[in-house]
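Below: a set of structures, written as structure tokens.
Note that chain A is present in both complexes that follow, paired respectively with chain B and with chain C.
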Partner chain A sequence: MESLQKIISNPWVYAALVVVLTPFAGALLTSIDRKLTARMQGRIGPSWFQPLYDVAKLFSKNPMALHRPQLIYATLHLVFMVVAVVLLALGCDLLMVLFVQAFSMICLVLGGMSVRSPYSWIGSQRKIMQMLGVEPVFLVMILALYLRNGSFLGSGLFSKAEPLLLSMPLMFLAFLCAIAIEMEKSPFDLSSSHHAHQEIVKGVTLEYSGPFLGLIEIAHFYEFAFFFGLMMAFWHTNIIIGLIVAFAGLVFMTVLDNSFARLTPNWMLRFMWTVPLSMALANLIWLWVK
Partner chain B sequence: MSKAIKKSPWVVHFNCNSCNGCDIEFLACLTPTYDVERFGVLHVGNPKHADVLVVTGSVNNRNKHVLKNVYDQMPEPKVVVAMGACPATGGIFADCYNVIGGVNKVIPVDVHVPGCPPKPEAMMDGIIEAVGILEKKRKGETVDAPVLPVKVVKGPEAPPMTPEMQAKIAAAKAAAAAKAAAAKAAAENQPEAKAE
Partner chain C sequence: MNWISWVLPVLIALPLVGGVLAGIITSDRVRYTLVTLLAVLIAAGGIGVVYLSTLCDNGVWTMQAAPWMAHVGVGLELAIIAVILIVALKIKNWWIALFGVLQIAGVIGGLFIHGEHGSFELFKIDNLARIMLLVSCCVGAAILIFSIGYMHNHQKHAPEGAGSLQRFYFVFLSFLGLMIGLVVSSQLSFFSFFWEGTTLCSYALIGQDGGKARSQNAVRALLINSFGGVLLVLGVIVLKYQTGGETFNELFSKTDATIVAAVLLAIAAFTKSALFPFQSWLLGAMVAPTPVSAMLHAATMVKAGVYLVMRLMPNYQGDTRVTMVVAFAGAITFLGGALLACTQSNGKRVLAYSTISNLGLVVACAGINSPLAYAAGLAIISFHAISKGLLFLCVGRIEQEIGSRDIEDMDGLMFKMPFTSLMILIGMMSMLLPPFGMLLSKWLAIEATMRSPFLLIFMVLGSALTVYFWAKWIGRIQHTGYHPVLPKEEIPRTMKIALSLLALMVLGTGITTMLILTNVFTPMAETVFGSKGMLSETANFKYGALIIFGAVAIFGVLHYFICWHGFKREWVRKPFLCGENVTTEEVEADSEVRSYDFHSVGGKIEHSHVTNYYFLGIINEKLVTGCLNWAAWLIILVLIGNTVSYTNSKNQLAKDTAPAVKSVQKAGKSAASDLGNFADSIKKEAK
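The block that comes next holds the complex of A and B.
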């Protein structure tokens, strides 16, 4: 048992485990999300392994691409997302994690912009708007974490015995809004949506097909697990309560997704820069005064 | 892999001037009563993401190019399901001047679902049938074109001509010929008249 612990505590082994296991966790979370959505609509819903079947199927399709840069951007999107997850898991600098995650999104935008499809272009432009809405909230959150922990390191999260949620409740709400944008949930599913026959079809991922769409799906699993992990970190002292907090966040997003229609990009930007950003700033000021 | 392709058929739906009966019934498959998503079926709006192409409506000369374009954009392996009577033969529109009458005159069809419109149960059955063909295609096996479940029915022939009608037509033709000859003669005479 002790030797096993020793092996896992080796950063290389730990990083490899994170890289291998995170997509499965992300796939499980995606299927929970789909199952919950189906139950809310009174349906049975797909099987628990559906996201894995989908990705395996996409990789069994013949590769079809418009040009080479498109493939490079899809791969880079996945690679930067994996790097962000590993950096977070190893407790590295949170600002670095944020920038690497943002760069992963930039790759998706570049991939969408590299083709001629107008839907793909609109999706990419909206993705940039979404990033504009989300990044200030993330930045303020990391500043607040610095004020609280005295360190930008992810490992500094565990330095205090008090759970994060008690000192950053408003920040958690703002963070939920930001995750809803990053996970493409209604009313924020502007750049691409999970449902067919909407205004810009599939937005950013429109021109990807087969294995290259599979890469983006896997990156999405990593992203889902990444944000779920961050939600769990709001109650780091007890893993059960942490799971409950993160699961409550997931249920909140699913309810949001099922009860709202899509709104415009301008509305989203106005909303994000007023309500969640001021909540996050209020929390920051409170931590500063305290 | 072959299990995965059977478990996750993503469907793109293309309407070739259908009366919307089949389309509404097909969308009804997504409702809680039928819930086609439990088979892993996703309704995608993009042929590049799709494995199954569902066509409704009798194809006409205007949209056959679009249909071909949608089909060509789908990555292999792919299957085509002709949903209803119209995409099989043209249905009740078979005699219209613009109707080609059958999807299989434009792209190869793998499954025909009969009915006007087919029931959602029949549609789901067709999709499941198509998934089996999809797996065969992935393995590289040859798949035979399906036998049409219905006969191609054309409208009644025009009635044979009566002697009176034939005489009328002959008289009209003779009158036209005489008129043409008179006009020709007049044209020939004209230059002489001018010269005088």
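The block that comes next holds the complex of A and C.
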């Protein structure tokens, strides 16, 4: 047991484990999400392994593409998402983690913009609008974490005995809105919706198919796990409560997803820059005054 | 040992003498050879001087001058102001004339203040000057080389009434020489001379192509910068009066130099760096030929302003209450510039707003006044100069080729002009992506902003907006269909060399960013602030950078073999257009039909085109500019009012300091009380 612990605590082994295991965790979370949605709609829902089957199926398809640069961006999207997860797991500088994650999103946008498809282009335009909405909230959150922990390092999260949620409740709410955007949950599913209520259903990823769409799906697993992990970090002192908090966030987003109609990108931006950003800033000021 | 004592004067004189020569020579071919030669010499000289100066004790090189040189400095200063005055009389602009007269009065008045002097420090090269020298000489040289090919084409299609190439190169080269002089000058008369000289050159260059609109913009540049010139002279007088010194060093080594002078000089720097509310001249300057814009934005002029702020601020670490307001002036410009850049579809205006925004960030860093912020400021100055130089030159080249500077017209440029597109993509990527320097410096700047949560909101929103407008532009350029092979681009050799050089500089500094940051900028900031170990957190980043590089390398190789090299023609599909795509036969039959057109009702072929999102109808540029200008003036008034009350409280309001300060004192105070809480909170942080 002890030797096992020793092996895992080696940063390289740890990083490799994170890289290998995270997509499975992401897939599991995705299927929980899908099950929940199904139950809310009075369906049974797919099997627990459905997201994995989907990806496996994508990789068995013939490759199709519009041109080469498009594929570079799919790879880069995945690479930077993996790097963001690894950096977070290793407790690196959170601002850096955020920038890498944002770059992964920019790659998705650029991939969508590189092809001559009007739908893909509209989706990409909306995706950068979404980024414009969430980036400030993420940045403010990291700065608030700095105020609380005295460090920008991800490992600094665990430096205090008090759970994060108690000192940053408003921040958590703002963060949930931001995740809903990143995970394309209604009413924020403007650039690449899962549902047919949007006029652009698979906007930004429209022109990807087969194995290349598979890469993006895997990146999505990483992303899901990344945000779930961050939600868990809001109650870092106890892993069970942490799971409950993160799971509550997940349920909140699923409910949100199933109960909202379509809204416009401008509305989204206005909302993000007013309500969640103000909440995040208010929380920041609390910490500052403290 | 002291080679520099003649290399440096030669380096300053080289462009000035070369400019005169280029102005006399009538043969284009000889002039181009001369310019190429000068570019090489300037770059080599700049690097040489920087290298030699690092060998001196403490890494600071100074040159003493005989007392009579001070009179030469004053003479030069008066001469250049007299030229501005003559220009003002010629164009009958009484405001500029008034500013000219005020400056002359100030300089002559200053003569009575300064007492007896022995020999003094004429030139000084320290870390900051070295950075500026490298920027001006290397980027400036690349721009010079580019200008040969560009101006050759430009003169063929120049509008009527445009100035000759002789005039252009005379002013253009002098501009660079004056800038080099500016960053190494330690004596204030010489500094003012170079400062006014760059103002005059920018006026001449903006009006190069003649015509009403251009001359209006040129006059605006001269007007705003003359106003700055008056403040500069005023600030210098106050400094001299209070301390009796006449070089930067002497002034700041004495404790009785008050913040009043620093604030006057800082506002003068705002005008030069085109911070809000003085940004209009830089936007107007876009009418000049592109090498001029590149020179203004990357190598000279606007960099002079931030240089002065960076030079000043660390000497006022005790006056946090005032320096924080300076930081606010910078931060509002950072946000405002980025916001307005998002609404522009004119490529050059996007670049201009982005420059303004970044200069604001540098000023904000200088105002924050911590080692971390200072290092970030240095990094932004240098990385920004290279990237922006490259970007401007590319836009100039594109404009000559496609006849438009509109971003929407750059659609599919990757196919039409692969080389230039690649260059501009490198330039733009370096503005926002890891591991390039701009992102890293922004990262440092945000960490440094933790000193004030009020500044923070500007920083956070500004940096999100920055990503927005660059991503849109990158997308537009690489928006293409499938092409098995890209065509070869016809491009004049000089342009190709200049663009490649700058791109290499961008890539080189991009890959070594981390090394440059920890080994160059951090020690520099630590020297200035006399503290060690302030940047311990950057060490942690090395680890992250390694992971990023490693992952990209591994996946890059995999991707190359599987997706790029293994790419097959059969994979290619047409874009999804609801199954109504045009057929291959239709595309071949009609050259107007594109592969991404589609059938509408009755088989009619329609073209689909989606433009970028520019917040039309949501953000009105004029209105937002008005609001930002108002806010920026308010901050400047707060700055002045705060300074005066601050000095008052120290019982140091000398009755004869600055008459201008007095007149605005009232207004400043009322504005200060308006924003009472705002100022109080800054005060709190100071403690």
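Structural remarks
Criterion: the second predicted complex is superposed on the first by the 287 of 290 C-alpha atoms of A that agree within 3 Å, B and C clash if a C-alpha of one lies under 4 Å from a C-alpha of the other, contacts with A are read in each partner's own complex, and residues count from 1 in each chain.
One rule holds in what follows: a contact is a pair of C-beta atoms (placed from the backbone, for glycine too) under 8 Å apart; a residue touches a chain by one contact, two chains touch by 3 or more.
What you see is a predicted model; the values in this text were computed from it and never measured.
When the two complexes are overlaid on chain A, chain B and chain C sit side by side with no clash.
Shared-chain residue A:M279: touches no atom of chain B or chain C.
Judged by the touch definition given at the top, the superposed model places A:V140 against chain C, while chain B stays out of reach. In the superposition on chain A, A:I216 makes contact with neither chain B nor chain C.
When the two complexes are overlaid on their common chain A, residue A:M268 makes contact with neither chain B nor chain C.
Judged by the number of chain A residues each one touches, C leads among chain B and chain C.
When the two complexes are overlaid on their common chain A, residue A:V18 makes contact with neither chain B nor chain C.
Of the two partner chains placed by the overlay, only chain C lies in contact with A:L95; chain B stays clear of it. Of the two partner chains, chain C is the only one that A:M113 touches; chain B does not reach it. By the touch criterion defined above, A:L157 reaches neither chain B nor chain C. In the superposed model, A:L206 makes contact with both chain B and chain C.
When the two complexes are laid over each other on chain A, the CA centres of chain B and chain C sit 110 degrees apart as seen from the CA centre of chain A, to the nearest 10.
Between chain B and chain C, the shortest distance over C-alpha atoms in the superposed arrangement works out to 5 Å.
Looking at chain A, you'll find residues 62-64, 206-207 touch chain B in one structure and chain C in the other. On the side of chain B, the complex with chain A involves touching residues 1-5, 7-8, 31-32, 35, 37-38, 40, 42-46, 48-49, 51, 75-77, 138. Listed in rising order, the residues of chain C touching chain A in the complex are 414, 432-434, 439, 443, 446-447, 450, 453, 456-457, 460-461, 463-465, 467-468, 471-472, 474-476, 478-483, 537, 540-541, 543-544, 547-548, 551-552, 555, 558-559, 563-564, 567-568, 571-577, 594-596, 608-610, 612-613, 618. Taken in their complex, chain A has these residues touching chain B: 38, 41-47, 49-50, 52-54, 56-57, 59-64, 195-198, 201-202, 206-210, 213. Listing the residues of chain A that touch chain C in their complex gives 15, 62-69, 71-72, 75-76, 78-79, 82-83, 86-87, 90, 92-93, 95-96, 99-100, 102-103, 106, 109-110, 112-122, 124-125, 128-129, 131-132, 135-136, 139-140, 143, 146-147, 151-153, 206-207, 212, 265-266, 273, 281, 284-285, 288.
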